[in-house]
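Chains: A, B, C, D, E, F, G and H, in written order; residue numbering restarts at 1 for each.
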């Protein structure tokens, strides 16, 4: 029998600190698979955020550097402008990218920075204990919306992929999910495509990944994975929001 | 003969510090006219920004408070949440609102804060001496784009009205211009409508005003006013981007 | 009750109806307490801001219209608030800002630390200004000083920083609240609620005339002098006959007190001076103690910050030793006792 | 050449190829100079960031991959960079940060001031860290110290702050550059340019183990001790026979020098000590001078900040008077001369 | 007398409520008490611990570098905390889940098959209460009655839950 | 000897280039020189001013609280700066635009109808140079030759422009 | 810092508008009054006036601008376009 | 601070994966190996396996989780769905 599936090379042999059923772990593995398949392990620099994935550098076997909360896109801008030969990716949570880092993300995208962003949308501030994120669904109870998010007071969940797709500097935006075998496969493809955009110097690329957080959603892993389809994807529809390599009708 | 046009009551009797032909002066006057006509002089608080309009409090005869650069929307949020009876407006430049204040603006809008924003888009950092703004047109020479803005390096001008119109908390967004009698009249109507939205508690309202800056555009006033139509409005089309009070076809 | 929640409850009882915050460990319980109690109540405001920057500017806004407003964060988040704090101080707007310090610099650790002392006491933002800084050392004191903070803020039109630390925020201890929550929201005079029946008002600092700004500076500092005179507080413990006095604040003072008790039990004459107001620093009290004691040990959970204030107060009188543990390390009382004892013998006090 | 442009030219000659900035008066000429010279040249990077926050984090990114990177701003903008500076310091990343101070606090004035001394020298961000702080007092020195800043930053893996002021940035004076711009961009060892032929590397500060962070703190401070020993510099002027020594930095020192010349002309024995490195502060030099002089006047364009360092250095030796003008007021040399003269007579030195 | 107790396990085991219960019971008895949960990254991936300090005097520090009593509800906690415990202290091990060999001879080891006993009682979730009962008895920190009263206070109206937990608590108490 | 000159007017009048010209001419003559333009909000709405300090010695401060020479190219500047000027100093007024009455008796007033003269010369934009010429003569700060050489340096290739300005400069110089 | 504008408005804005109105001579349908001292000579009124009854003065005002002058030749309709575009609010419009 | 991971990785991650693979007994078309110590018992593989050949152990692993167990009854197709969904990368898949 042949070994047909095992741990990717660029994923260090360490036990994840994530909770059982957490989407971060899956996203990590997929990125590593892409890095391996594209042969990027020796020329990649990853920028993880404060957030549950703060320890991502313990898993990715590529150069990695911590960033201040929300500033991943700015850090990556500095990296790439100073040394364009590197392949740089930021890894950011929804609090990080859609909350405190809104301006940095939008402007890096607008400038068309040639960087890749992996955006983990788990509708919650995971690391800090389950507070409302900008992407929390209406009605969802979190530690800072104990009565459920009320759009009249806290607003509707913000849709970063849709917003960023408006910007001309953006090369590629897709929203995927890591909650089923087929979605996971699509996620991997999207990640590969995003890195390819960077290699081809097309501009800003981002993959938004809907990612289960069983702990803060207070669900079992299996429930949480289902909930992504049943609730989250209704508010955050999956799909490609921008792809400059696609033939456009209206061109 | 009857006096049919004179200085509005809520505009203090002071000489503007603005350059000849500057759009800020016109915008100030229009806001004052609206405040007078709607009877808001005694219940309004205005939040001017750092920027050419930093001294706006010397002109508006309503309560006024300085804000830190870019934070107008956050300040207004604090104001309105603490004292909903006030009518609050922010007055912000394009560097202020679309640059450093991107996150505050987007999130206040997304939360549907019941505030009004007057957004002066003059495609340049006026106060600091004519640097590139996020809204500077491609090819335009500024002190920080001495070779002309190149979208490959500096990105395309960012369109805040279009972005904000995506957000569900937004009640009303219109882009107008103060560069001709008819546009000025439309601007006044838009400002009145924006304030009305706030009085009706409909959520976030913003009027984006394309505003000539003869000094930094290095044009005569007359040229600058023409340039708004000829160049700027092509990139920043005038019109209503969102209006929750309008009957929608697709409802 | 945990320390963070105790702050929340005390704030509400002090008439705080507006809270603007952003999550960060180890102070989330405070944000969550405020969400629970203010987010759906009429006349109250709770906003989870998009960032610390937004939060401090929301506080600025609420303070403009006369509300008792508060924000809280921990070290990195407090760094982001520095510009806003400078504006609040410059515009003479009251506000209460809680810093539940964690280990730094950088992202650091989430354990308790005291390494933002300089930032808090010397105006970490730009320009000449001060904020009142309070250094609680128990959950009860967190509650009491929170109430005091709101009063001081209003009285002197100044931002007040509560400089706590991770452990204080997390730990639970019994706490008594000395006051009922007021029924009515107090509205500060002179607030910008619209120019009804009075000329319109301006709150600003910007000027093209430096002399005008200089006058603002002088007027701020006249107020600071008054605060120094009227509000400086500290606790002393067994200093009267002490041959060595430990100076420490917050959780470190509490640890030091335990250590001193151990040492006293062994007959060592050691006392404690604990500044409660970190700014204004109890200079006079330190000088007073220096009249009878020649040896000092400053103990801080950082690399040595308050020690400068001690040295400035002493101006060469007496000898000052330092024991510091940075990065979030919380030494045990027994460890501090060893340090004290060693110093005591080294200096030939026994 | 104006001071701001001189910094730009000096930086480029020092091998700086990456500049990230955001407009603010009075330092725009620097940003504009960099736009002119770096924005379209191969191998160079100029980004006008969306904010000061973004700019300092871009510097962090460029420094990660080993580039000599720089940012500049003025007081309120520098407040916004505090978190980023704390990260740079914690991660041991070199960077040069220019603060052309203006009057504060708040939005303040755009006139020259020196009121960010505390913020710069005591780590205005969170956590225990220091940055080297240089205090130039002429356009020539702006250029020289900029070059030195890049060298120090790389040598000690530390952010270096150039603490200038509005007037220095705006004024024109002749300036000579002592070095040609290097042809090749220097790449720092140990930078994160991909794990080719070596194990992958991590740059980080976060830890769940405070002891690990404590070790980082200690290692930073060991370096700081070294810097103190090796890099402290100051200028003295006619201190040998002086009965009163003025201590001032930057533009204030320059004004003071003029005043001292006037006073000397009238036979008053007055000298000047001008710290060039503000951190590390020339403690030893101050102590040295105190051996022969008992009277000091600290003159700052703020409410009194560096005076604490002077007092700490003197530890009670000698008497220290203070003259301060905050908010952007720039006193004339004649005014300072009057202050000095008055003090001289008051103290019975003549 | 100041006594510190550290209780560790993985999430879901009710480790924090054990500590809270102990702390409140001691308060009820008029003692000085601090309760300090571990927080933040420490608790990602399912581990949790808390420290309870009980004293007649003011408590200097809520942190326990060398607690008198340590309760390890799972294997990783047993490994991690065995060296923290004070010489002469008591080490409570949930022998249902802990297999590790304890190498120290200067401490007393108290093995409680908490999960097994709880299952036998028909309430597998009450393993923490079984252990808490054992801790109450062996440590003598507080009276059983105070524990039960606190339990009732905390769980309030949910009578059935109180009953189940009270039973588990008593069973643990009666083990020794 | 340290001498400070302040030149003020409204934008477009070439106030800053007057200062620059003076500063560079003095540098050419080997003097210590600082040049400080007013900046920021000061220059919104069209006013501008700059200070040139010239000295044989190091210059202590580039700021002029009481300059020896003040040039006011327009009315508001004349009003604003008349009280700054040092006792015994010279006050250059562009009498084409300045009507204000000067109340001080301790300074010398030099009236130059700069705009009128420039117009007569056929180059209305060169009013600043007319004034600069007058300043050069009356102040004795630098040689006319240095001024002309600097002018050529700054304006470089644009021969026609240089000629026009040189003529204006000389005309101003020859007024006294 | 709360400043009552009356007490502390910066110098520049203290230039309270003095009525230096030009006389409103012969009136047909409309007329305007331009404040000579408020006017900054931007020429926008001149450019936009449909009747071309505004021109530029050849004399600088105190602030140094060539202000606009109303040439009251009876053509003015009082349409107020000049006032609408005037950034300085320097124009008052009268109509019969 | 630049740390070579080999020197300083935090304790938690030093738990290097030991091969505690269960033996890969009778092989028909596919088989999987679940690392008992990596598994966190999330049950996702169990839930997604189309052949339902994975179940939960009744014994806790060292970390305190009820790990997944492969019931090798010859049904496994080696489709790797279990491995794709496994967040812990705890599953290796073999196919003929």
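Just so it is clear, contacts are C-beta pairs under 8 Å (C-beta built on N, C-alpha and C of every residue); 3 or more make two chains touch, one makes a residue touch a chain.
None of the values given here were measured: they were computed from a predicted structure.
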Task: Shortest contact path, chain C to chain H, counted in steps - done: 2
Task: Chain of greatest Cα-centre distance to chain A - done: F
Task: Centroid distance [mean C-alpha coordinates] between chain F and chain D, Å - done: 35
Task: Interchain centroid distance [CA atoms averaged], chain F/chain H, Å - done: 84
Open item on the list: Need the CA-centroid distance for the pair chain C / chain F, whole Å please.
Closed with: 55
Task: chain E: positions in contact with at least two other chains - done: 40-41, 45-46
Task: Multi-chain contact residues (two or more partners), chain H - done: 5, 10, 12, 40, 63
- [ ] Mark out which residues of chain B touch at least two other chains, giving numbers and ranges.
- [x] 16-20, 50, 54-55, 57, 61, 66, 68, 99-100, 102-103, 106-107, 111, 127, 134, 153-154
Open item on the list: Taking the touch rule as given, give the residues of chain D at its contact with chain C in the complex, in rising order.
Closed with: 53, 75-76, 78-80, 82-83, 86-87, 89-91, 101, 103-111, 113, 115-116, 118-119, 122-129, 204-218, 221, 302-303, 305, 308, 311-312, 314-317, 325-330
- [ ] Would you tell me which residues of chain F are touching chain D in their complex?
- [x] 20, 23, 27, 33-37, 39-41, 57-63, 65-66
Task: Complex contact set, residues of chain D against chain B - done: 22-25, 28, 31-32, 35-36, 39-40, 48, 50-52, 76, 106-107
Open item on the list: Looking at the complex, which residues from chain D come into contact with chain F?
Closed with: 25-26, 110, 166-167, 170-174, 251, 254-259, 261, 330, 332-335
Task: Touching residues on chain B, where the partner in the complex is chain D - done: 50, 54, 66, 68-70, 95, 99-100, 102, 125, 127-129, 131-132, 134, 143-147, 153-154
